[in-house]
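What follows is a pair of complexes built around subunit A, which joins subunit B in one and subunit C in the other.
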Partner chain A sequence: MEVTLKYFGQLVDVMGSHEEVRSVKAQNTQELLEHLQAQYAISHIPFQLAINQKLVDAEENVNLNEGDVVALLPPYAGG
Partner chain B sequence: MSRYQRQIILPQIGQNGQQRLAESRVLVIGAGGLGCALLPYLAASGLGTLGIVDGDRIEESNLHRQVLYSAKDVGRFKAEIAKERLEQQNPDCVIEGTTEFLSGKNALALFADFDVIVDATDRISVRYLINDAAVLTQKPVVYGSIHRFEGQVSVFNYQNGPTYRCLFPQAVEAPSCAEAGVLGTAVGLIGMLQAQEVMKIILGTGRVLSGELLIYNCLNATQERFQFTKKETPQITEAFYKEKHLKEAIQALNFNPELLEMGIFIDVRQPDEQPRLQMPRLIEIPLGELETAQQQLDPDETFYVFCQSGKRAKIAVEQMRDWGFTGVKALQEGARELANALRKSQVD
Partner chain C sequence: MKKVFIEGPISSAFIGDSIAKHQSKTSIGAHNIFLGQVRADEIEGKSVAAIEYSCYEELANEKLHEIREEAFQKFDLICMHIYHSLGTIKTGEVCFFVFVSAKRRKEVYSATEWIVNQVKERTPIFGKEIFEDQSHQWKVNS
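Up next is the complex of A and B:
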């Protein structure tokens, strides 16, 4: 299915863009994370996932639907 | 009151709103980029008291974004100079500057005196401290943070709403402005969004950014909002606060043969763990039995605690300090390294 992925903070540099539409085999957030972690060095960056602008619990595995917008949100430190 | 006339004529403010501002006390943690942006506007609005907490001194590399400071202020305390500038700007506003960093020890007492807390710091660990102290003292926190051209803004613990721990449960450091780089206008913009949230909380007008994270991208001029809800774990209690913010890190000591004369060694390993050590003054108490056995020990004596890796030794030291032992230290070395060091010292 196709999902839109949005990256923030340090993840923009690692993923190489702010936003992309990606065709994925993943059916849920856990599979999506595994898919991304296998391809990109992101395991050292803490982040939260939001689906369609709503945060999902880190322990929760949420099913993905065609057209979902998934945001990867790391905390920022600067001030 | 003609000073505030242009805001008093706003229907959302009026004389009542101005009076509310004059009676409010706002504590700003951090007088860096965010603090310098939001402080002058809060002071100018006729806010009653502004507290500023920052133990940092002004550096030349701050001046491109920390616009309260001039080149001649380099080397002086930020909290002091900010207080001077803001007092000149609006003598109606009382400024209370603290030239100390926020810590687990001073946070609760400081927060208790204020109505709204502003998180304008630049480290993740301090953000958790602010969050937890605000929950315990029941204060709302106006949060702002920056990564390069992106800023995050939210309001935590507002009317018992979600907190920073509900948004980011994992405590891992992220790059600061010094490490990642930052543009003055970007941090200024985020500081201004924070100042606006402070005003809304005090005036009771508009929709406070509670349960929502706003991310503004200054390069693309885009913003997004993300909703999050309150989590019941962890429960932020006094015990939790003590555990997270008041525990002093146990420093481990390196062994040297002179220590043999200076105190009693405690081996907290299980009896079957090898090698066993021979020392003139050694007692063997497995960690699990320490609580019972400590009653036989003199709390004023000097003790050196070791185990196999050093981990249990630190736990033992923490426990013994809680029981009132004053001269107890953990050894860096595990039993194997100690055995080698002992053998070597006997050969010498």
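Up next is the complex of A and C:
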């Protein structure tokens, strides 16, 4: 299925873009993370996921659907 | 939805205008303002020259809306404004402006502190600290 991935902060440096549409075999967030970690050196960066603007708890494994927007959010630094 | 994000630094003129706009709201008896300024932190012998702010704007606006609603429930406020910069903000420039108004002074102190903390904790804003030699590191709120 195709999902839109949005990268922020340090992840923009590592992934080389802010956003991409990616065709993935992953059916859930855990498989998606495994897929990304296998290709990119992101394991050392702490981040949280948001799917369609809803934050996902760290221990939660959420099923993905065609067209989902998955954001990878490193620690916030506003203010 | 109130506009929060401003491209570039928040100027003294903008802050002054915001204060002036409240002169017609005569039920207000107390304002409180928090201004966040970009600090020239020294990190491993290099000093920060600027912070480049970016955000996940859709989610940030949603979170800021929640913070705003909760602030009005929690505190007896007449109005409140939050502004945050995006883009490159040099040291010494203002990047964060919280402006809280109430009937009396007691509410505005606690409300301001609460809002500032919530924005820092809950809003997906990211900061790239750019050093004088143009190298950078990603800021993490302490």
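Please note the rule applied: the second predicted complex is superposed on the first by the 75 of 79 C-alpha atoms of A that agree within 3 Å, B and C clash if a C-alpha of one lies under 4 Å from a C-alpha of the other, contacts with A are read in each partner's own complex, and residues count from 1 in each chain.
Just so we're on the same page, a residue touches a chain if its C-beta (ideal position, glycine included) is under 8 Å from a C-beta of that chain, and two chains touch if they have at least 3 such contacts.
The model shown is predicted, which means the values in this text are computed figures rather than measured ones.
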| item | value |
| --- | --- |
| Most subunit A residues touched (candidates subunit B, subunit C) | B |
| Partner chain(s) touched by A:A58 [first = subunit B, second = subunit C, both, neither] | first |
| Set of subunit A residues, in rising order, touched by both subunit B and subunit C | 6, 8-10, 50, 53, 71, 73-79 |
| In the complex, subunit B residues that touch subunit A | 30, 32-35, 119-124, 127, 144-148, 150-152, 167-170, 172-177, 180, 182, 187, 213, 215, 217, 220, 224-229, 231 |
| Interfacial residue positions of subunit C with respect to subunit A in the complex | 36, 53-56, 58-59, 62, 84, 95-96, 116, 119-128, 138-141 |
| Subunit B partner contacts - residues on subunit A that touch it in the complex | 6, 8-10, 18, 45-46, 48, 50, 53-55, 57-58, 71, 73-79 |
| Interfacial residue positions of subunit A with respect to subunit C in the complex | 6, 8-10, 12, 50, 53, 71, 73-79 |
